[in-house]
Structures are given as structure tokens and as C-alpha cells.
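Read through the structures below before going on.
You will see chain A twice below: alongside chain B first, and alongside chain C after that.
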Partner chain A sequence: MKFNASTMVLPLAALFVACFIAPLSVLMALSFASEQGAGDFTLKHYLVFFGDRFHLSILVDTLMLGVKATLVCLAFGFPIAWLCARAHARWQSVLIFLVILPILTSVVVRTFSWIVILGRQGVLNQIVLALGLSDEPLRLLFTQTGVIIVLAQVQMPLMVLPILTVLSKIDPNLGDASRALGAGEWRTLWRVTLPLSMPGILAGGILTYAACITAFVTQTLIGGARLIYMPLHIYQQAVGANNWPFAAAISVIFMVAVLVVVGLLNAYGRRFERYA
Partner chain B sequence: MPRPRTAIDLEAWSLRLIFGLLAAVAMVFLVAPTLIVLVTSFTDSESLKFPPDGYSLRWYVALLDADQMQRAAWTSLVVAVWTTLICVVFGTLASIALARSRRPWIRACDVLFMSPLLLPALAFGFAALIYINQLGFRPSLSFLVLGHVIVCVPFVLRTTVAALSQLDPDLLDASRSLGASEFTTFRRVTLPLIAKGIAAGAFLAFMASFDNVPVSLFLADERTEVLPIHLWQQIESNLDVRTAAVSGVIVILTLALMVIAERVAGLTRQLR
Partner chain C sequence: MSHTTRMTRRELLAAAAGLGAAAWLPRIALAQAGTLVAATFPGTWNEAQRTILKPAFQKATGASVTQSIILGTDQVSRLVAAKGNAPPFDVAIFDSPQVLDAVKQGLISEFPVAKSVNYKDLLPPFQDKWGPKISMQVIGIAYNPKRVKTPPTKWSDLWDPKYKGRVGLTALNSQLGIAFLAELNRLRGGTVENFDPAFKALRELLPSVNAIGANLGAYATLWQQEQIDIAPYNFNFVQTLKGKGVPVEFVVPESGAAGWDTSLHIVANTTNAELALKYIDLAIDATVQAAMMEPPYDVIPTNRKVALAGAITQTLAKTPADLGKIRGFDWAKLNPQRGELIERFNREIRT
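== the complex of A and B ==
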């Protein structure tokens, strides 16, 4: 009998059909039902969501939160990856080890340590007050700034690793050529290194963005109950208000929003494929 | 026209200085929280002040009596072990197909299997709860494990497919031409060569399962309460120092496991 490698995919595919596609289809179906158990078809939950500025603002806030946190990750993550790509193999391992440490340490633990750091009497405020940067403790816990700081720390590895992969594949001769032709370091970075690392930046950006907007634990513990983002909104509607069809509709809207953003970034990324 | 040398040097230095500074700030920012929580957990007082006024092991000793927390930790461990086992078996099999075949439907499977990394896990957890409900079941440990498998299997796939794609096909041809069957070739040639990739993926899947909140939030009940949910509720309600001690234990175990994963599977090389 001829061995066919493709069939090896079937067990996992079956598992995904039964445990991933089926639940998501049921979720989709429920979002169009007027109430749980009703077999009808209605758009009312979607109309409620899009007809109300409160719900819409939560969606917009969540999507914007992801943009801000991703940009912070990029601003700090690119230099880390850049440095890592130039480091010796041994140091590279140490750096990567330190970069992935936060993402592997339990998210609850990570977030908890940030509460100790960001609180009114936290480490950060002690430093700020000692240096005289502010007269009174900064309010960071339960603010969007706080959420962005923590998200950036937690998701940074997702940005660093793909950029590092791309940077270490760039031919060093290209940089030398650029310099030999008279371009300075900054110009070389801007005109040669950055365009060449775009596939990594976009891959990292997609992963970071998706992780940031769906980070339920960080959003709820650092943001508190008053800063509502989509995951908490779904949770409150599903568990708190016990309004499953509406929670299902919000879930669908949120998933579609994530897919649209990822799709757009992917389409943009195709423009850089010729470099890769 | 080449610029004067000094100008280029200034540029090179400014770039290194700025990137070096940004990277240094980022590294402190990445590592400090873990260290701070570790140090705080050894406090001898009732408050979570950093740095603590005095050090003791009293909160670690208090953990010995924290029955609910211990039960939750045990449940998390059981779920993570089962999840990892299922992820490794199903994931390794699927990886072989994903790494070898370029057929469109195999590519589609690849996208499908990776999508849990991007889609909101909380929405999936909620969907799974509705699904189980409609099938007439109640949430149980088995469903919890299956839910975790879906969100953890991408890690195994990622590292295993990467290991397989570095495999020299000539080795497999050599094995077959010497008369070994497909299964023997897999067991004696392929498996030993991709074992590190699988191990790194298994480690990541284990950590992801042990740490999962969004799926457990919907699929776990009082009987199957897992550690992250228990801690999350503790932090939401009353911030007690035992939480810091558990965090300390988790940090130490994570570091130990990471060092083992680095030694055994070359973790950082698998991720590069």
C-alpha cells in the first residue's frame, strides 16, 4: 500500500471540526436567534450593537488599544531584535531566554506583579516621587496607560521573535553596500534594513495585535471594572447578564473585527513578499 | 560623494546609542516584574510592599494549608498534562502532512489549525460552552482538556513543522532504500531528528494550558477550578500575600522548566 502523508492530517482535522468549527457555528447560529432555544432568525442583536454608541465605543476602544500597545511593542521590540541579531550566539540565547520569560510566566502572575508595581504606593510611584518627577503619585492602575504598559510587556516576545528571524536572514553585504554608497547608519536602517524586515514586523504586529485586544486577564485586572473592552463585554453579557444570544453576537462581531484587521495587515504584507 | 568619516561615526554611534538604550529599557521592563513579584513573595509582613521590610518564608508555609489553592493547582496540572499529550500525538501526525504536502486543502488545514492563536480565545471558550450545553452535556474535565487542546496545539505544530522542514530528505530515502518500512523510517530516523522540535512545542503547549484563563473561564466549574482562575478571582477580590507566594512558586517552576527545556530541547534555538 502506498503511504500517503496527507492522511496524517485527518485526526487533528477531525478534532478541529468537532471541537472548533462546530462550536463556532453554534455560536454563530445563536447570535441570530431572538432568544436561547428559539429557532428563529433575527438581526436584532447586531442592530442593538451597531445602533448604540456605548457598544460601538467598546469595540473602537478595544481595536485602538491594540494599535497603541502594538506600536509600543514595535518601538521597543525592534531595537531588541536588532541588538539580538548582532549578538554572539551565546548572548543571543540569553537575550531570547529573557524575552520569552514573561510570556511563559503565568499571565495572572505577570499581571499581579504589575499591580504591585503600578499601585499608588507601587515601585514606579516610589521612583517617580523620589526623582521629583511628580508631586503626587501617578494614577496608573485602572487607566488605559497602565493597560498599555502591561500589554506591551506581556506580548513583547510575539513582536521580537518574528523580527529577529527576518533580521538574521538579511544579507550583511546589503548594509555594507549601502554604507559604501555613502548612506549613513540611519539612512541604511530606514532605506535598507526596515523595508527588508517588513515581513517580520507585520507577522509580529499581527500576533501582538491579536494577543493584545483579546488579553482578558490583563485588561480586567489592570483596567478594572470601569474600563470595558470587548472580552470583558462578552464575559459580562454571557455570565453576568446571562444574555447568551447577545453575547454570541458580540463574540461574532469581535471575531470578524479581528479577522478583518489581520486580513488587511496580511494583504499589506504581500507588497513586501518580493523582498523575502 | 562619501561623507567625512567623523560624520559617519557620529551616525553609527547615535544609532547604536539610541537602539542600545531602547533595548536596555525594554529588557528591564521585561524582566523587572518577574523579579519584583519573586522578591515580594518572601515578605514577612501582610502587605505587598516592594521592597519588603523583612524577609521570611511564612507565606510559602501558609500555602501548605491552602487546600482550595492546592486542589486548583492539581487540576491545572492534570489538565495541562492531558492537553500536552493529546497535542503532541495529534500535532506531530498533522505536522508530517503539513510539512510535506503543498496541496490546497492541506494549506487550508494549516490556516485552520493556526487560527486559535489569532481568534479571541474567550469567544471560543464561550462558543464551546454553548455547544456543550446544546449537546446536553455539562462542563467536565474532558471538555476542558479538549478546549485547551484547540488553543495549545498551534505551539506543537509550529516547532514540529519547523523541525521537519530542516530534515534532510536524503536520510529518509536512504532508510527506505535499505528496506525499512514507512513506519520504521518514521520511528528510527524522522522521530529522533525532530524530537527536540516536538519537545519544545510540548513545553510551550504545557505552559499555555497551565496558564489558560479565557477557555477555562467557561469550561471549568467549581469541581474543576483551575489555578489561574482561582488566582484571578483572589486578585479581583482580596489581594492577599499568599497570592504572591503562589506566584513565587510559579515563577520558580517556570524558570526551572525553561532551563530544562533549553538544555533538553534547545528552546531558544527552536524559536529563532
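== the complex of A and C ==
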């Protein structure tokens, strides 16, 4: 019996159509209906969204939140991945376990523990006050800074793992060659390691970005109700206001916006394919 | 033929997206025979119903019950979405406003009063052909007695400059949020048609506001973490938090108590109507209600055989007649505006 790739992919494809394409089509159709159950076609929900700075600014804020959280994640994640890749085999497994550890607890639990850390009476503020760094507790909870800190920690494994994979595949001889040709550690990192790890950075970046902007739990628990991002906005329109078509329309807009960002990153990534 | 499995970035993304989607799938609690699925509210309600009603139900029927925590508005949307299919739960728990919506949309069936053992023992205001009222919820001012030495007496105390940066609020998706806004509007001279006075007052309050909880779970955390010192809250939630050692006290403001009823309903088209009836009947049973009136739940009873006692008589009502004096809201007129109010609230509070 002969298997080829296309037959093996069929079950997955069927699942994909049933669980992803079909609901997505329903969502699309709903977003063009004037109200739930009406079979008409209207662009009114899209026009309302784009005609109102309130809605637009929520979209922009959400996309920017993703950029900031992803950059923070990269700033901390790359050194961690680099350390992991260069560590002795035994230490490497310990380090990788530590990196994966956060995924093993629920995101709700992790987020609630961050509330304990960031709150007015939280661990962080107690340290700051005890050290005399500030006279009043710092406002971290319910600020964008707080959301970014927590997102960066919660999504860190998504950044570290792809980078680690790429870093550990880089031929160590390339580093030796660079040093033999007179480059220092920093120059080697900047001119050799970093460009070679670009596919990993981009994959990690895309994963982290997508996870950060859609992180409903973290965004609402740490951000509170005053920082409105797209997931909360969609939820409130659908469930609170019972305005399903509008919720569907802004979901579609959000999805397209994310696809555009991911597409741009992917296109940028092609430039580095020659290294791979 | 050599074949290497090399995952492209796109495949990796698709796989990751699939994993992410799986994590987001709702915990599907499909209604099955012999297992009742009952919706419950977060906080006091879930805790009291889990520790008192659930064992009583299992003892009486031998059937099991899954209690699923879902807000009233969430329940309405889920039942609407499931129309024509098996409903996702058999017993709904609603506050007064959702009952109107649910009846209008045909989501619940009439309560078979004749088959109910305890229905006749309900105080008259708590009898309802769509489902018995199991309790009342009353809003007032909560404060942290460690940090607020003089207890507040009126709603306008929230605007006191000394509480700058210490006031809490909750988003309008909860009943508490809507009720507070409506009460504020009434006190500031607004009408159900005109919410401008409430929003003007809200704007004046915002500089004092430390945090607005996105949901009731987050709101409880604000008190536990002592992030806020004074805020509108619900009598029962305060009692439950107090029972956990959280420093919080409740006062009814001078302008009087305001509240609404909470009721249980048999969901339309459920295959478990018999068990649902039994479950609801037990929720209005005198023994169950007396147990729920014990601290830390202090759930207001609706069965005439249960004499008011404990924190309820100290804070809210000495007699059942006092319960009748708790001011209600015009939900028939408020409900259609809910979406608009949520959006307006969000525009006002967004930083």
C-alpha cells in the first residue's frame, strides 16, 4: 500500500475545514448582516468601525501592545536562548525545562500571581518601598506597562524555543572562523550569530505577537476595564451588548490586521532565507 | 526516497494556532440524562450552591449536577446561540433584567408551579410563573475598615477628595455595574431616558478611581489585594469576602438600599426538565435556604418559613416587609439601552 503526503493530510484537512473554515465563513457572513438572523448584506458595521476614532484607536493600541510586548520578549528571550544553546548538555536540559515551566501552569493562574506581584500591596511595591526607591507604591497594575511586563513573561517560551532551535543548529565552526578572522565576541554575535538566527527570531516574534494581542485573560486581568484591547472589545460587543454582527465585523477586521502584520514580518523574513 | 520532515515556519504557525484554538475551546458541558447542568453565578452564589444545594440535590435524586459559572448576560447569549439545538445547560440563573430578555426570546419554559413542593411557601413577591425568585441582591458601599476609619454613609462619599486614587468600580457587563450607574443616575436627577447626569458624575469620579475591574472575579481580587478602599459592591459578595478574612465592610447608603431578584429557571427544550424542577424546588426549600443564610453566604431567603437572621437583619432588613422596601430598577426600559450604556461607559473610562 502506498501512502503519499496528500492522503496523510486528508484527516487534518477535513478537521481544518470543519473546525476552522466553516465557523470562519459563518463569522464572515454574520459581519455583513444588518442584524442577527437577517439574511441581508450591509457594510454598515465596517463603516461604523472605521468611521469612529474610538474603535480605530482600540485596534491601533492592540497592534502596538503586541509590538511592545514582543520587543520586550525578544530583549529577554534572545539572551536566554543564547545561554541555553551554549550551555553544557546537562545544564541545557535544566535551562530548557525552566523555559518551558511557565507553559505547564494555566495562564489564569500565572496572571493572578502577577496581580499579587504588581499590586499596590504587592511583592514588588513592598520591595520598592522598603528600599526607599519611592515614597508611594508604584502604579503597575492596570497600566499598559504592567500588561507588557506580564505578557512578556507569560509568552516567553514562544519566543525562546524557536530561537533556541535555530541557534543550536548553527555550525560552531562559523563562530570559530569569525574569531580566527579577528572579530571579537560582540562582532561575531552581531555579524554572524544574529543574522543566522533571524528565521528563529521571526518565527518566535510572530508566535509571541499573535499570542500577545489575543491574550484576553492577561489583558483584562492586568489591564482592568479601562485599557480596552480588541479581545475585550469583541467580547463586550458580543456578550455584553448582544451586538453579534458588529462583534463579528470587528473580529474580521482584527484578524485581517493581524494577518497583514504577520505577512509583513514573513516577507521581511524571506530576506534571510539565503542564510538558512 | 529520502524524506525529511522539516517543518516550515508556516506549518509551525498553523500547528501553534491549532493548539491555541484548542485551549480556547469552551469547556463543553453537554446536558446528558442523569446529569443536570445548572448555571450559577460567580462568588457567593457558586460557593453556596456548591456546598449546600448540590449535596441536597444529589441526596434527594441520586443524580449528579454540574454547576457551571456563567454570568446572566453570558447565559442569554449562549442560549440564543444554541437555539434549535440541545441547550448547553438545563437550569438558568438570572437576575431580574435577564428574565425579561429570556422570556421575550423564548429561552426558558414556564415553571410547573403545581408540581413544585415548596413554591407555595414563597413570600408573594418572590413567586413568578417563569421561575421562583431564590434570593435578592442588594448593592451598597463597601469599604476597607483598615484604611477607611469613618464608615461612609452616602454614595457621594465616593467623590470625597480624601479617597482620591482609592475608589474602585466594575465594568458594566456585570449587574452590579449597571445597577450602580442607574442608581447614580437617579440620585443625580436623571431618568431612564436620560443618563447624562450619571455620566457627568462618573466623569467627576474618574480622577479618584484607582481601578475598574473587568469582571467580578477581578473585582474581588482588587479587595483581596487591598488595591481599592471604597467602592460600590453587593451585600453577599462582601459577606463572602469577609468570611475569607478580607478586610471589607458593607453599608447601605442613606438614600436606601437598591437591589434586584435572582431566580432559577428551566431552560426551554431541555431533556432534563424533571431534574431541573427538582433542583429549583430544592433551592427554595426552607432547610436549604436556612443553611444558605448562615455566614459567610448570608443569602437572603425567599421562603416564608425561614426567619430572617444574622447579618441580613443587622444591615438590610428586619422583616420580610423591609425586603419589599428595597428599591428596584425599571429593567424593561434599562435593558434595551444596555449595549449603548456599555459603549458610552467604555468611551468615558478608557485611558
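Criterion: the second predicted complex is superposed on the first by the 271 of 276 C-alpha atoms of A that agree within 3 Å, B and C clash if a C-alpha of one lies under 4 Å from a C-alpha of the other, contacts with A are read in each partner's own complex, and residues count from 1 in each chain.
Following the convention adopted for this analysis, a contact is a pair of C-beta atoms (placed from the backbone, for glycine too) under 8 Å apart; a residue touches a chain by one contact, two chains touch by 3 or more.
Keep in mind it's a predicted model, so treat the numbers as computed, not measured.
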| item | value |
| --- | --- |
| Clash or fit, chain B versus chain C on superposed chain A | clash |
| Touching partner for A:P199 - first (chain B), second (chain C), both, neither | second |
| First, second, both or neither for A:P231, with chain B first and chain C second | first |
| Per-residue contact with chain A, leading partner among chain C and chain B | B |
| Touching partner for A:N243 - first (chain B), second (chain C), both, neither | second |
| Partner chain(s) touched by A:E185 [first = chain B, second = chain C, both, neither] | first |
| Chain B versus chain C as contact partner of A:S6, first or second or both or neither | first |
| A:F49 touches, of chain B and chain C: first, second, both or neither? | neither |
| Overlapping segment of chain B (options 151-159, 169-177, 187-195 or 241-249) - the one that collides with chain C in the superposed model | 151-159 |
| Set intersection of chain A contacts, chain C complex versus chain B complex | 19-20, 112, 115-116, 121-122, 206-207, 210, 214, 220-221, 238, 262 |
| In the complex, chain A residues that touch chain C | 19-20, 36, 54, 112, 115-116, 119-122, 141-142, 158, 162, 199, 202-203, 206-207, 210-211, 214, 220-221, 223-228, 232-233, 236-243, 262, 266, 269 |
| Chain A contact footprint on chain C (complex, rising order) | 9, 12-13, 16-17, 20-21, 71, 73-74, 76-77, 80, 169-173, 210-215, 218, 221, 225-227, 338-340, 342-343, 346-347, 349-351 |
| Chain A to chain B touching residues, read off their complex | 3, 5-9, 11-13, 15-16, 19-24, 26-27, 30, 75-77, 79-80, 82-83, 92-93, 95-102, 104-117, 121-123, 152-153, 156, 161, 164-165, 168, 179, 182, 184-186, 189, 206-207, 210, 213-214, 216-217, 220-221, 230-231, 234-235, 238, 244, 247-248, 251-252, 254-255, 258-259, 262 |
| For the chain B and chain A complex, residues of the former touching the latter | 1-3, 7-8, 11-12, 14-15, 18-20, 22-23, 25-27, 29-34, 36-37, 40, 48-50, 90-91, 93-94, 96-98, 100-101, 103, 106, 109, 112-113, 116-124, 126-131, 134, 146-147, 149-150, 153, 182, 204, 207, 210-211, 213-214, 217-218, 227-228, 231-232, 235-236, 239, 243-244, 246-247, 250-251, 254-255, 258, 262, 267-269, 271-272 |
